[in-house]
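Below you'll find the structures, each written out as structure tokens.
Across the two complexes that follow, subunit A remains constant while its partner is subunit B and subsequently subunit C.
Let's look at the complex of A and B:
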């Protein structure tokens, strides 16, 4: 944002230049790609890299929403099943003959509705979202299984505009789904840092009590964030069925851990108050690069789960180390300041 | 054994960030005496005690115990040297039983299993002596505050310390509980225990102590036998010569300001019972009372964080009580909470972020964007307006001193121009310079037409700053005072009885 109208000097409102918080993970991602690329040059083929990006799309969208939840010190465990249930809902609407575009919007709304259910329970019972969604995790899974009869939902007439649009590749290489994901991430990054809603999310996460006493209703923010999360899951689900042409009854069951891992690798702290959407996207890509990279090295794909876990531990250790250093530096700055203001 | 020195403290200094807690503190305690340390809030009493108890490290200075120089690395070191402390804030585990609390971290064990029987047998004598007849298996949370304080004392006594430090042990006790505590302390003193008694309530100090050390601004001003001191002398020593300068005079009313009022009729809720009170713009109304007397409940109800049971309140906008803090904030009612670090600030965020709390967080309408430019302008305006000492608006809140932090809490509200100011102990833990500035701000709030309700635990502050002081006692208004001294005010706060002289002054407008 270039907003200089009310600031006394245009340059004064600019913070002294600091490296963006995401620098670390971005360097890590680039290094990883380069290292794999030097050993296996075929990996650097743009088509391969874009495939990696498009593989992250559906979980990556969930990670974007999860950043907001972590930023208010909450976690939604049910995201995988909201995703699945919304996809199933969209698919069944299409099977019932609803126009695929309308069915897709229906899927987004349905996801938001499930998020609202989580939100109402969590706010109404004054319970942390992690507890409520532990229950709704199974509820949504169960209901989804009931309505799809334990079989994959396959919409008919997959030659219509919706399916073509979602599965298309711009210039023959950039998948539309991946593009939607990137646009969503950029928009949500902007929302978190440059809107009142984003400000309130950060405020509630920083200090819920102080936020409440400053007139920011914790309950409202929590509800809005959970609905947002649900809508994003719905969007991801509706696009998934357009992209793949079917939704498997178990698709989404393992999403939540990967999603939270990506957000944490990206640099969003569990302690709340701050979140980085860009970081989460990069974190998602790091996870995907690891599992693809292992394949390129001919290592059994079953190792990828272990490596992903190891990367999470490494990422949080580094993060902790950096925070420690920063705190020490801040302390030093404070002491210098104090001795400077001494009469 | 007079003349036998137990503790000797020399030239102790301690700074917290920009706040000097101890500048040059000296203290000598003789064995077998009750030694009182008095001073205003912020004089350094509590810091000194925490250092003696090993909870805080001094920056420089020496401590001798029994003639031997010591350096405490932890509370355990101090405990081993025979120093036990009863803290001002209760440090018990409310969920756990009385016994469990008495033996925290040093439970007697038989074959590796904690022996409740042993604990009971050992503690019975001490509990009896303290007159604490409670079920020892009951969770501490069920006891009254006074009983809890005695549990805390019992815990310290069980360690058989050479020196017992009591840091304002009765700040939360009522009159009867205080009397009981004092009886216990006299007994202990008669048995030859050495005690350091910290307080800013002078009657108590005179009732209990043998020797008195007066502290001010982190220094010891005077140490003398109690018999050679009078209360006015002590007050003079505590406050020093700067009292007049500390409180700015009322400012002339801003011309053309609206005359508004809050009318409270028959308000009940929490401990409050049937409270009637009117506050007008242009005056600073002091609210005084012991813990639990209803002052904090009144502020909580007026701000919408607590529900009222009965009664009618009319705000300047002719509407009733706010439904929630959000409602309050939108209607121009502001609260400066007593615990600013917990309830007022986002410590990991910048000044800029914090100043926007209410403007961006609570208000409706306007742009849905949160933009750095206007936020920066708001922060810069309040930094200039309140003279916040910070390198830039991007400085994090936890890098500032207490006074500057409090100014941010005030500044975030000033940014939305509130009409009703609810100030809950706004100068707690703030150094004297910043206090004076905050007093100035409060004067300005009221002269600009704001309605100011000001609660404080510091009597000189209430007396010096407020146009009138409403004293709460056990949920009711005990009376209204103006132009009184600390002494009278203290009496009303503690007993709920208005002195004859004060009744008269209440009648004068």
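Let's look at the complex of A and C:
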């Protein structure tokens, strides 16, 4: 006979309070902001912090989508060029006289179409997305350069409601584009953790065979996730052209490394099965805070690359340390419970 | 009442300090480049640092690898948020326009160098890009035998779409038309990273082994073309841009013919001098073009431009890798510029004349 009611009280309270997975990276981010802010108080100026948030926006959106892909053990290397090509497509529609709002929706749909292309190739050829997108990376880049003639696409009339809305700042300081990013991140967080689709994404990444046996089609989930990634790239691209007023031929080419780095810093493992959208957002913010902090500290340009890498390693180490401590504590609680429930 | 007077005096003093022109030691400037680990860009930075030292201001440098407009804009905004009164940046795309114009409106002194956008409300320090292309093209045509020259000429560009590079290409092709027998191919995308750049030129030569000349428009091209020429028995005429050590070495060894310098030192020095002048005198920077001056270097002649004294080829090689010697060599020019940095301003359209 087992008496569960005799379990020690502290263990029960520990079980009730579970620290979020993102605690480590959030602490790392807050520590960085505090350290820079104490040394350089100007860094804590709300305008600077909001500038950092707006710097996070466009790559951050891509990171949010990449969380889903990493959660199913996939990586899309073509995200930067889907972003670019969608922005170019949106811009060219605007140049052709299409209403900017319709052009922007067209850009999102176009991004989804490119994602669908990746998905069909990956599922149809039974190849990992990383291999397929290695090829489509260059295809999208090449096609984008062909249609923009290697030149920036600059929509002619930028005094329209679309440009004014995307580039607007609420109360003169909060960028609308950054707010859209935050809303997108919240929605994607709930989709991943509170919807059937999100559970299926995590199930496929956790154990594809078991998921298949449970009636979840791995191929369908992969296709849907790649289309979702494409649509998010399209959204980011369409908003970028509204925010900056132009898209340059080379923009987005270096996005993929930053995006994957942010997702991994945020705590999403390469092994799949789990993803954290909030972590990815925090990860992208860490990257931007480091970049800004280097400027505030006046660190020599030749040292900045090393320092960036070193700080990322420190942030990830802190996160791992916290996770390790948490796992150890959980084990201890489990042992206490086991010993308490033994006859 | 007495306390009130003290408060008033303090307020007035603070206001006066706020509107008084900044002293040199209070001035902090940012300098943003579009490449990292690039010898030509390093020469520009050396020029900027020499100016900061001469003028007694603090200069912080940030480098955005890979010529990314968005990344460069972020660095520029970070400098402004960190309190820099002025930022000089090269321009890698039109996406920087809106953000930089916002900074100009907010009172930050912005200067463009090396590459520009005419939509940005800030002065530009650089070369006359179309004209420098014309000079390069003319020299290649002369080397090939003048108007009677025949054969295939290949043109390579490391960043299609960058206005200054497109202008150079236009100038080169205009001059090559003087020899109707020349068949001009390109411009082809030859990339900026040294490894990719060499590979692209190698592939172009493999596809066109009959080429009589190969012309690059960016800093890594001459070094790549020199290596390629050396490996193939020096069969074509190689020409391009910038006075980096590897480029000058290729010319010295006889594997390349000509390099057009765009006065890297001036492109770094003058933007800093312009910003300091505007901040000290509390005036905005006017939109305009400052010609950095062209340099023409072959194995036989070294013209350093800007009315600077003639030097030997060996001296040119030494200057390319020695910032202190370069600063010393430019002394007559820097003294003239320090008196009035804005003296050489031309309309912005003059850049593409």
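Just so it is clear, the second predicted complex is superposed on the first by the 284 of 343 C-alpha atoms of A that agree within 3 Å, B and C clash if a C-alpha of one lies under 4 Å from a C-alpha of the other, contacts with A are read in each partner's own complex, and residues count from 1 in each chain.
Going forward, a residue touches a chain if its C-beta (ideal position, glycine included) is under 8 Å from a C-beta of that chain, and two chains touch if they have at least 3 such contacts.
Quantities reported herein were computed from a predicted structural model and do not represent experimental measurements.
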Which superposed partner A:48 touches (first subunit B, second subunit C, both, neither): second
Which of subunit B and subunit C A:267 touches, first, second, both or neither: neither
Subunit B versus subunit C as contact partner of A:198, first or second or both or neither: first
Contacts of A:209 with subunit B and subunit C, given as first, second, both or neither: first
Partner chain(s) touched by A:237 [first = subunit B, second = subunit C, both, neither]: neither
Contacts of A:300 with subunit B and subunit C, given as first, second, both or neither: second
Residues on subunit A engaged by subunit B in the complex (per definition of touch): 1, 3-8, 12-13, 15-16, 193-200, 202-203, 206-207, 209-217, 273-274, 330, 333-335, 337-338, 341
Sites on subunit A touched by subunit C in the complex: 40, 42-43, 45, 47-48, 51, 55, 58, 145, 148-152, 154, 167, 240, 243-251, 253-254, 288, 291-292, 294-296, 298, 300-302, 304-305
Complex contact set, residues of subunit C against subunit A: 30, 33, 36, 45, 58, 60-63, 65-71, 73-75, 77-79, 81-83, 92-99, 159-161, 189
Footprint of subunit A on subunit B - complex, ascending: 15, 17-18, 303, 305, 324-326, 328-330, 335, 337, 342-349, 353, 356-358, 360-363, 367-374, 376-377, 380, 389, 391-392, 394, 396, 399, 401, 412
